[in-house]
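Take a look at the structure set out below.
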Amino acid sequence: MRLAMIGLGRMGSNLALRLMRGGHEVIGFDNNRANVDALAAQGGIAATSLEDLAGKFDGRRIFWVMLPAGAPTESTIETLCKIGSPGDIVIDGGNSFYKDDIRRAKSCSDCQIHYVDVGTSGGVWGLERGFCMMIGGEKEIVDLLDPVFDALAPGKGNLVPTRGRNLSDDRAERGYIHAGPAGAGHFVKMIHNGIEYGLMQAYAEGFDILKTKASEKLPEEERYTLDLTDIAEVWRRGSVISSWLLDLIAIGLAGDHDLAQFSGRVADSGEGRWTIDAAMEEAVPANVLTAALYARYRSRSDTTFGDKLLSAMRFGFGGHVEMPQ
Amino acid sequence: MRLAMIGLGRMGSNLALRLMRGGHEVIGFDNNRANVDALAAQGGIAATSLEDLAGKFDGRRIFWVMLPAGAPTESTIETLCKIGSPGDIVIDGGNSFYKDDIRRAKSCSDCQIHYVDVGTSGGVWGLERGFCMMIGGEKEIVDLLDPVFDALAPGKGNLVPTRGRNLSDDRAERGYIHAGPAGAGHFVKMIHNGIEYGLMQAYAEGFDILKTKASEKLPEEERYTLDLTDIAEVWRRGSVISSWLLDLIAIGLAGDHDLAQFSGRVADSGEGRWTIDAAMEEAVPANVLTAALYARYRSRSDTTFGDKLLSAMRFGFGGHVEMPQ
Amino acid sequence: MRLAMIGLGRMGSNLALRLMRGGHEVIGFDNNRANVDALAAQGGIAATSLEDLAGKFDGRRIFWVMLPAGAPTESTIETLCKIGSPGDIVIDGGNSFYKDDIRRAKSCSDCQIHYVDVGTSGGVWGLERGFCMMIGGEKEIVDLLDPVFDALAPGKGNLVPTRGRNLSDDRAERGYIHAGPAGAGHFVKMIHNGIEYGLMQAYAEGFDILKTKASEKLPEEERYTLDLTDIAEVWRRGSVISSWLLDLIAIGLAGDHDLAQFSGRVADSGEGRWTIDAAMEEAVPANVLTAALYARYRSRSDTTFGDKLLSAMRFGFGGHVEMPQ
Amino acid sequence: MRLAMIGLGRMGSNLALRLMRGGHEVIGFDNNRANVDALAAQGGIAATSLEDLAGKFDGRRIFWVMLPAGAPTESTIETLCKIGSPGDIVIDGGNSFYKDDIRRAKSCSDCQIHYVDVGTSGGVWGLERGFCMMIGGEKEIVDLLDPVFDALAPGKGNLVPTRGRNLSDDRAERGYIHAGPAGAGHFVKMIHNGIEYGLMQAYAEGFDILKTKASEKLPEEERYTLDLTDIAEVWRRGSVISSWLLDLIAIGLAGDHDLAQFSGRVADSGEGRWTIDAAMEEAVPANVLTAALYARYRSRSDTTFGDKLLSAMRFGFGGHVEMPQ
C-alpha cells in the first residue's frame, strides 16, 4: 500500500523503513528537510509539504502521523482534515491521550475522514524486532489497513505459543490487536506504559538494595559486595523475573557497572500520569504504578519543601536540629 | 515519693523537674557531671555513681532510666539489677524496642526486680504541658507508682471531655494509661510515633503542593503565590485538620516563611521502623506509615542507584539520554 | 448585611443560622420547601424561587451558593448571572473544583458580576465552633464581604497565639484568609482535604496495628489486648499526635469500642482526587496522600481483578492454588 | 557426582531428576516414603533415614537440603552436622533467611562441615527449563560443586548474549553465580523475590485498570470492553514489558478470561517481607516493593479496623453514615 509518514524522527523513520522493507510505498514529510532526504535516500518518496504529500496519492489517502503528542499532532491532524477528501484515513501513531483521540475521531468524522489511533511500542529496537501495536478505530478501516500493521509487527517469531489460545484470530500473536473504537488503542498503550513504570521501579528498588548492601550505612560485618552485572545476567536464565527490561539492565550494567554516566534525574512522559488519572476515574487502587511515577518526580529534586517542613516540626517538638553544617 | 532519675539530658532533666514541682524527691545521676549539678541547683539530690544513687534510698528503690535506647539503656539496667534488692523497681522511660522490654522484664524478674516500661511523649514542651505516658508492667507496681505518673502527666486541663466515656478510671483523661504487661507501654508509644510520621508527612506533602503552585514548573497562568504562614494559621481555627503538629508548623513558618534554615535531610528513629516491622508481623497494610518513613530515607540521598538504573533502561529501550550536562 | 443563602442542607442552614446569630439578614432558598420553612422559623426570610430571592434585595445582591459541586452549583450560578445586575456578588461556598471557579469567574465577569470562591471547613460542628474559610476573588469584594466572614469564622477564641506572627492582618487568626484570586480559596481547601485524607489514614493504620496485636494472626505469646478507647484518650493529652481528628476518634471509640456499626466501606469526594491531580501537574511526589485515597478505593471492593491475576501468576510459576474452598 | 537430596517435594524431586538426567547419582530421602519410592522408580537411590543416607557415601558427603524454611530445615541441618564427618558439605537449597545461613555456616564450621546456601528460582518449570541459582559459601567448595550446578542450570540456550559482557567467567550466562560468602546466595534470591512481588503487582494494577474500564463505575460513554487475553498476548511481542511473568499471564487468561476460579486472596512468603526488612536496615526507600507486599495483605481481609475508623471520623466531623444497609 501507499502510505504517508508525517514526522520522520527516530520512531517515524524506523516505521517508514520497516514498511518499505515489507513492500509498501512510503511518502515522507518532516519539518526537517534532512530527515526527508534521508528517507528518500533509502527508497522513500519525498514530500515538501502536507499539501505536496496529499497530492501524491491516487485514490484513498492514508496519513500516518508520528509526531510529539499535543500541539504538533493536533494541528497536523486539523490540517489533514482540511486537505483530505472523504474516505481518507488519518492514523495517529504517537503517544496521544486517548480522550484526544475520541474528540478527534468525532471531528474527523464530520469531514468523513476516518481516524485510527495506534499505540506503538518497540522504541529504537522496533526496526529490527518489529513494533507491538494497539489499535483503536472502526473495524472496517482497521481491517483495510491490515497489510500495514502486518508489515510493522514482529510476527510470530520463535516465541513459545501460549497454551490454550483460540487461534481463529492470530493478530495478537503476530504483534498487533484491534483493541476497540477510537481511543482504545492509545488507552491500552497508556496502561502498557504505566505498567512499564512499575516494572522499572521494581527492578530499580531491588538493585538499589543489592547495591547498598555494600555501603557504609551498614556495620562492616553485615555487608556484601555483590556483582550486580552477574546478578542481572543470571536472572535472565530460568528465573521468574526474566524480562526484556532485565535484558536491558544486563546490557547497561555490563557496560558501566556503577552507572556512573547517569545523573539519576529521570524524566516521565504523559502516559504514566494518565494511567494514574485513569486509576482515579475508575477508583482502582494503583499504589505501585503511582509510587513508580513519584519516584521519578522525586529523582529530579535535590530536596523538597515538604522535607524541610518535617525538620521544622521536629525542631518544634523535639529541638532536633537539621540545618546545613 | 523518692525516685532516681538516671540520664539527665533534655528529657530526663525535664521529667525530674516536673516530678520535683509535684512534690517528689529526685536523686539524679548522669555521666555528665554538669547535668547532675544543674539538677542539684534546682533542688535535686546529686549522685556520683549508680552505686551512690542506690545508697540514697531507705526502702524500695525506684530507678527511672532515661537514656538512649540500645546499649546505654541495656547496660544500665543490667547494672541496676545487680545493685538492686528484691522488690526494687526499674522503669525504662526511653524509646526502647518493646521486645527488649519483654526480655528484660524476664531477666529482672529472675532477680525479683520489677520492670516497668513507659513510653513518654511530650518532647521539649513536656515540662510545662506535662508528659503523655503509656505504661507496661505488673498492675500492682504500676498502681504503686501512680503518684509519680500523676505528677508527670498533663492532667485534665481545660480539654473538652470526650462524650460517652465511662469515667470509672480517669487516668487516660489525666494523661497516662496502663497499657498492659511488660512491653505494652513501649508498643503503644511505638505506634504513636509511627502515626506521628504519617501525620507529619501528610502535612509535608500538602504544603509542598501549595508551595509548588507558585513555581515555574507550571505555566504562568496556572500559578498561585500562596501565603503558607497564613494558611497554617487559619487551619488552626475550626478546620478538620487542626492539631498540635499544625500549631508547630504555624510557629515554624511564622519565623521563617521559606524554611530556608533547614537542609531538608530528615532523620528517623527506631520507632518508625519498628512500626513497619509490627505491620509486617501482623500482615497489616500500612502504606501511609511506610511511605512516610521512606520519604525520610529518600530525603537523605542526593540520588539513588535505582534512579540511575531507570535512566539506564530508558537509554536502553528508547535512546533517552539522562546524563549530567 | 443582607445575604441570600441558596441551598439549605446541613451546611447551608448552619451557615445561615450562624450569620443570623451574628446580626446578618439571611434570605433562604432551597428546592426542598421544608428547609426554607425551617430557616424562616428561626428568623430567616423565605424565598420561593431564585427570582423571588433576587427581588428581596434593595441594592447590591450577595448570593451565597451552598450546593453540591458540579451540575447543581453550575446551573444555579448560570441562572444567578442572568437574574443578577452589574455589581452583584456570587459566592460559591461549596466544594467546587478550583478550575471551575476560574472559568466561572471569567464568565461572571462578562456580566459584571463578581465571583468569590470560599472553601469552608467545619462540618456539622461549624455552627457552634465557627467555620474555617479560605477565600478566592477580587480584593475589594473580599474586603467588602468582611463582616460576613467575620461572623462565620470561629474568632480567636482561647487558642494559644502563634509565636512570631506579624499581627498587621489578623484575619487568619480569626479563622479566614483571602488566599488569592479566583479559585485560590478552593485550591487551598482542596489541599486541606487532601491532607485530611492523609492524617485520617495515618491514624487508621496505627489503630489497625494496635487492634491486630490481639489477633490470632500472631502467636499467643506475642499478643497484647489493648484498650484502644483509652489509648485514643491518652494521646489527646500532651502527645505529639493530639488533634481534632483524634478527639473524634476518642468519641467514636468511647461509644463503640469495636466500631462494629461501620461497614468499612469508605467514600471519597472530589477533593482528595483533585489533590492528586495537582500533585501530578506539579510533579510533586505525594505518596502518603495518594495511598490514603487508594485505601478508600480498596475498602469498597471485596476483591480486585488484580488480586486474582497475582494468584494466576503464582499458579503459573509455582503451582500455588488460591481458589475458594 | 553422588549427592543426597533431602526433601522430595515438588522442588526437591525436580532437582533430583534434573541432576540424574545430567549424569549424577542421587540418593533421596523424604519423610513421606512414597516420594522416595517415586524417585527410586526413576533411577534414584532410596534412603530410609538420614543415617541410612549418610551411609551411602564413600568419601566426602554432599547433602542438598530442600525443605521448608524454618524449623524443618534447621533441625535437619543440625542432625546432618552430627551425622556428617569433617569435610562434608551441607547445601541449603530452600528459601532460608540469609541471616540464618550466616549463623548456620558458623556452627557447621565448628564441626568442620562446609555450608553452602543456594537460592533457587525456576518453580515447577525448572525441570525442563533449568534452575537459576544464586550461591553463597566458600569459593573452593562452590568450585568443587560446579558439576552439580552446571547440570541444574538452564545453560546458555538460544538467548541473545548480553552486549559488552566480559566472558572470562560464563557461569552467570549458564544460569548460576557464586554471589559471595555464606548467606549471599539467599540474600540475592530474597531480593529476586522482592522484585518479583513488585513486577507482579505492576501487571496486576495495570490489568485491573484495563478490566475496570468496562465497569459500571464509569459512565457508559467512557467504557471500553477490552480483550485482556489478546492484550497480554500482544504485549509479548516486541513490547517493552514482555517478560516471563507476562507469558504466564497470557496462559492464565487464555484458559480463564475472568480468572473466576481464583478467590483473590493472595499468600506471601518470607522473602517479600525480608526484602522490606533489608530496605529498612539500609534506609533504602522501597515504595513499590512494599506496596506490592501490602496489596497481598489487604487481599486477605474483607475489611480492616482502620477502614472502620475512617468511617467513624467521617461520621464524627461530617455526619456521613457508612453503615451496612
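So that you can tell them apart, the chains are marked A, B, C and D in the order they are listed, and the count of residues begins at 1 in each.
As a convention for this text, contacts are C-beta pairs under 8 Å (C-beta built on N, C-alpha and C of every residue); 3 or more make two chains touch, one makes a residue touch a chain.
In UniProt terms, the chains line up like this: A, B, C, D = Decarboxylating 6-phosphogluconate dehydrogenase.
Treat the numbers as computed from the prediction; the structure is a model and nothing was measured.
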Report which interface contains more C-beta contacts, comparing B-C against A-C.
B-C
Note, CA centroid farthest from subunit D's centroid sits on chain C
Which whole number of Å gives the spacing of the CA centres of subunit A and subunit C?
39
Can you work out the whole-Å distance between the CA centroids of subunit A and subunit B?
47
Between subunit B and subunit C, what's the gap in Å when you average each chain's C-alpha atoms?
31
Shared-contact residues (touching 2 or more other chains) in subunit D:
123, 125, 201, 203, 205, 208, 212, 240, 244-245, 251, 283-287, 291, 294-295, 298, 304, 306, 317
Can you list the residues on subunit A that touch subunit B in the complex?
10, 123-125, 200-201, 203-205, 207-208, 211-212, 244-245, 248-249, 251-253, 256, 259, 261-267, 287, 291, 295-296, 298-299, 302-320, 322-324
Which residues, counting only subunit D, touch subunit B once they are in their complex?
240, 268, 273, 276-277, 280, 283-287, 290-291, 293-295, 297-298, 300, 304, 306, 317
Subunit D - residues contacting subunit A, complex
121-123, 125-126, 129-134, 153-155, 157, 159-160, 162-166, 169, 171-177, 179-181, 183-184, 187-188, 191-192, 194-199, 201-203, 205-206, 208-210, 212-213, 215, 217-218, 222, 224-227, 229-231, 233-247, 250-251, 254-255, 275, 278-279, 281-289, 291-292, 294-295
